[in-house]
Amino acid sequence: MKANKASVKDLKNAAARRLFLEKELKVKLAAISQMNFTDADVAGHNIENLIGSTQIPLGIAGPIAINYPLISKLYYLPLATTEGALVASISRGAKAITTTGGAIVTLNTVGITRGPVFKTKNITHSHDTQKLIAKNLPKLQVIAKATSSHIKLTKIDINFVGKNLYCRFYFDTTDAMGMNMATFASQEICEAIEKLTGATLISLAGNYDTDKKPSWLNFINGRGKQVWAEITLTKKIVKEILKTTPEKVVQIVQTKQHLGSLMSGSLGMNAHFANIIAAIFIATGQDPAHVVEGSIGITTAEVETNGNLYFSIYLPSLIIGTVGGGTPLPTQTEALKIIGAKDANELARVIGAAVLAGELSLTASLAQGSLAHAHKTLARKKS
Amino acid sequence: MKANKASVKDLKNAAARRLFLEKELKVKLAAISQMNFTDADVAGHNIENLIGSTQIPLGIAGPIAINYPLISKLYYLPLATTEGALVASISRGAKAITTTGGAIVTLNTVGITRGPVFKTKNITHSHDTQKLIAKNLPKLQVIAKATSSHIKLTKIDINFVGKNLYCRFYFDTTDAMGMNMATFASQEICEAIEKLTGATLISLAGNYDTDKKPSWLNFINGRGKQVWAEITLTKKIVKEILKTTPEKVVQIVQTKQHLGSLMSGSLGMNAHFANIIAAIFIATGQDPAHVVEGSIGITTAEVETNGNLYFSIYLPSLIIGTVGGGTPLPTQTEALKIIGAKDANELARVIGAAVLAGELSLTASLAQGSLAHAHKTLARKKS
Amino acid sequence: MKANKASVKDLKNAAARRLFLEKELKVKLAAISQMNFTDADVAGHNIENLIGSTQIPLGIAGPIAINYPLISKLYYLPLATTEGALVASISRGAKAITTTGGAIVTLNTVGITRGPVFKTKNITHSHDTQKLIAKNLPKLQVIAKATSSHIKLTKIDINFVGKNLYCRFYFDTTDAMGMNMATFASQEICEAIEKLTGATLISLAGNYDTDKKPSWLNFINGRGKQVWAEITLTKKIVKEILKTTPEKVVQIVQTKQHLGSLMSGSLGMNAHFANIIAAIFIATGQDPAHVVEGSIGITTAEVETNGNLYFSIYLPSLIIGTVGGGTPLPTQTEALKIIGAKDANELARVIGAAVLAGELSLTASLAQGSLAHAHKTLARKKS
Amino acid sequence: MKANKASVKDLKNAAARRLFLEKELKVKLAAISQMNFTDADVAGHNIENLIGSTQIPLGIAGPIAINYPLISKLYYLPLATTEGALVASISRGAKAITTTGGAIVTLNTVGITRGPVFKTKNITHSHDTQKLIAKNLPKLQVIAKATSSHIKLTKIDINFVGKNLYCRFYFDTTDAMGMNMATFASQEICEAIEKLTGATLISLAGNYDTDKKPSWLNFINGRGKQVWAEITLTKKIVKEILKTTPEKVVQIVQTKQHLGSLMSGSLGMNAHFANIIAAIFIATGQDPAHVVEGSIGITTAEVETNGNLYFSIYLPSLIIGTVGGGTPLPTQTEALKIIGAKDANELARVIGAAVLAGELSLTASLAQGSLAHAHKTLARKKS
């Protein structure tokens, strides 16, 4: 078959591959040909068979204020998206939050996880292995450390069923997302566990991570960073900026985000975390497949005794980094500079605040009954 | 606060906004400034507050063959990603599949869904409303049709708890992803339901859709397109191209994709659907937040009596389109031309085949024990 | 080994088996020996190797009023339990409900389900089989009818993954719980499907039923009977009988039953449906393993504009009957007479009202902060 | 309304209450009147408004052998049930296991849990409270200990969303199931936490326990006792006793218990754990509402290289005790004597072995295609 003779893989660079495809498929790849990085910049460590670049519109939302113990800091939010109304909506939420003095954001670092599965001889062996691994954590931490100065094994969860033993290694990888580092370290740790216990590694990733899949394990134990963000808005601000009332916003959260998620068996007890996280992830060079974990999480809202609106979001498994992955690419580097976060924790806080802003604004639109209208006026301007 | 005086929103175009940010933040936005589309092309319907574009490396995998009843057709796969090894891995799977004669792909169109929630007076009213909506489906279909010639209301699921009644409208939107169309039509349908039943619309989207969140409702009833793809490989091909054995691949699928997902409470009973779907979605202008639904699904594998490897994937809720959204953008249009799908169904089949290729290849790497190695050699070339 | 020579199975009746055990184990089985049924009454169709009976304390709660369109009817609730405070708690809820005029209860009969799994040749065969079964529903309904005059096949859900095709047959079995009838009918239907489609039956029960396991499929599509019950209580009744306020009850429902269930990934979005259902099921001869489906379901509560408390419960999969199973046994027959339900629907309504009463009362206790106290005073009287 | 004048509650004993009901409802309660316990034995701590007893047929299965490091011990299994074929099926599994030398059973004691929810001032307060509780575990352990010499607080899990903070207290209650003890201790612990942190207790039970509801939290972290049991059977035993082959049994487990549970979103990845657990729980005086947690769990099976069948079950949250609750009742005490377990751990092992036997036998019936037949011949003997 044709596939067997010619191959883009054998061609030496993006230009040659484009030429091959343009001839082979009778298409023009003029737009794709424009790159502000070279083959050498990305070949291998970011991508193979490079043919050019995909360009996604980049918008700016904000500024949004985050309240730190002593100071309040303003951030602009770079958002790569093609969904009309999203940037405007996040900006509206940011305005309500910032006018009120800024979002409060707090976080726990759970760490990136890798979840290998081992084969044992029987449940007695599984049980002994469970105890033996727990007992040897310090030794395994030394082995992990030896693979990179940037990684630290912090914890191991272990469970088993029959002859199948599942581990969940938790790693602190400072400012890197760290999945690759964690994979290399896990390889060494698993070999040590095999020697130590006589169990046999079946798969370095056994879905007990759980990487790029939505799972209750991620939700309950967390993954990457657990981020919480909140704001309390006066009735007046809710009316003037969000065009609705605290009572209506709370009704939406209880009926849609909570009851609606229970009725549909959803792990995303929110309105649209995924939209905001996808737009920031793409803009800043995060892995867009990690939007899957990012989309799980809960929104809460309350009318306070003084009539104010309390609104909060919780992200149990935010997987991000400020170094490595797609972050060194030209547009991604500039986007990170726009945010100006000094480390992964600050970036996580900004993403938490952005999610708070976007969730608040859409929930208000639903309360106001203007969702269809908003999309009609904005998303359809052109047609 | 500073936020209140200056605003990027008031500036007239991307250039002005960049200039504002460069001054305000003391950054250079040279890379972001490069756009192969104009403000007018995207402003409003795709994005607000445009400042430029984000560039993501685009690689090419394949060709991959899909077997249609009479012909076998070859496709190249455009993949926008920054994860090293992904394009190479999909290409390897594509080679195994194509060498073997091509993937078989089949699908059902469930349709895009919108899931509003209504408030009723009591459970008797909820129950009556459930029956009344069902009885008036034809009337509501006429109302939906009136909102656009491209949309058709095909079905309504209804359930309730207390005074909260949840509907799930299913729409056929031909080659458009159709979420916006569905939202406009749902607005009209909901107003008709209010008149018809006396129930009050609380939220046009009640998480009973479930849009951009992983839910059992999406998994069990499907959303967008349900896509199945399969391939049967000889022992020889598995050994030569995938460097492992059918038995080992089956063991990974049973221990990781199935048991591992049960142990972690995962809705993604697969290895990495999200990686492949994110890369194709971004390249072809799909909504990257829909990767969330795309990441749910199941992989199966069997050793056949003759020793061959049977391998299949199932995507219960693939949300895609070949028109609208980000598809008209220059690089996205070229990427769609590279695939050359004549409609959304053909694009869905190609994505199904791509997921089959990527899932097969990674599962084989895990079986072979080469995951860490693969990332080390590819993803670390640069450092 | 000793096990191989002697066996209780070979002994002719309960008395002989008790004698064997008393000798073999040096125990006295005086209490177990008391039975108000004979070997012949139960041997085979209810149990094998009978040795006697287990006695469980039976208490009475109520009366509880249910409001039917024209009349209000009072019911006493027989409850077999060993959990102190349960009967008292349900009685307290019943008093609040009855004093207020009675519960409103409504239901849908989904029907008992059986979910076989078939093996197909490939996904094309799976897809064709899915369509073929749907097309032949009328023919399969005739086949089902032929197995018993008491059973009717009403619907079939079909889904597949790879070569595995899952069906969900829905049956109307009037006043019988009907699992056995459904199993016999399913056997015939499956043989017809094998002939019709060329698919091979792997298992008559493929967990797509889902019988006696908690599943989202049961929750979303329902099983047996979907039952909803509600009551609206004045502030005064809530204070005098339940010792708390509508606001506090609503806070518990939102924080425990809803948010708490989201936080723990629970399919039981309620306080203790399982307690009430287990007690009535055991008293009336239902299958106690069906408490598993009974424990899934949602409680809702609202403070109405006039300050009243609206409280409701929803049981998506209540599996019950008034004939067959354990219902003909002496104490179970008398318990059913105490309730006085003329058919399975009326029994389902009474169970719905009982669950409403028990859930209301415990939720109020939690709101009042008296849970520990209630158990201490009641459950510890003796010690 | 009639309900307001007369009340069974005011009557002094079971006889008087029966008399009242017989008159009021024109029924005879002769069978219910038979009790081998007195009002005083159960009134208050086990039940209120006693009217008599419910009698359930009690059958005997086994003996079943459990292999301990040095000895193999035989157990008879008392099973209270009205489901024909159940006792016979468990006996068949027990025979296969015992003939082969006995089941291997292992366990972890996770402990009974109580999961209160607190209200905080904001997420900063939630976060501080999370740390403060963790820091004060030793102090809280002393407080727990003071409530009973039989209880020990072993661990606390803490998570929060917005102003809602969820704790999960783990208790070791030795041989008692311990839910009441845990509730009393939790009350004291919660009052201490309120003083310590300024958070306000909303509900002593916040569904973060999760008690008598199926939840992923119970599945992932375990509750009560985690029990694993396994057996390896020769091809010959599988054929002679179970009438099928290892290959067919493994196919059922993979297609029904694993894939079927993934397809239906089930937390019970097994065939019928609930049947066996309900029958033993009722016979031995356990709380039948705890069958809900008992029904979650996983079955695994493998064909070993020598052609033998490996079969295992895992119960993540088995809630049982040998003292307290319904265990002191006459028939329940005798049933516990039949088992002859010296403590809760031994009882847990016997239940694990019983579940292994019942699951093995039903899975074999499904493999053999005899499910419908078995029920027809046994369950229908009478009709």
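Every chain is named by a letter (A, B, C and D) in the order it is written, and numbering of its residues begins at 1.
As a convention for this text, contacts are C-beta pairs under 8 Å (C-beta built on N, C-alpha and C of every residue); 3 or more make two chains touch, one makes a residue touch a chain.
Keep in mind that this is a model prediction, so the values were computed, not measured.
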{"item": "Common touching chains of chain B and chain A", "value": "C, D"}
{"item": "Required steps from chain A to chain D (each step between touching chains, minimum)", "value": "1"}
{"item": "Of C-D and B-D, whichever chain pair has more C-beta contact pairs", "value": "C-D"}
{"item": "Separation of mean Cα positions, chain D and chain B [Å, integer]", "value": "41"}
{"item": "Whole-Å gap separating chain C and chain D, where each centre is the average of the chain's CA atoms", "value": "17"}
{"item": "Residue list for chain B, restricted to those that touch at least two other chains", "value": "159, 161, 164, 216-217, 219-220, 259, 261, 263-265, 269, 298, 300"}
{"item": "Contact footprint of chain B on chain C as seen in their complex", "value": "104, 106, 108, 122-124, 126-127, 159-164, 216-217, 219-221, 228-230, 232, 265, 298, 300, 302, 310, 312, 314"}
{"item": "Complex contact set, residues of chain A against chain C", "value": "216, 219-220, 254, 258-259, 261-265, 269, 298, 300"}
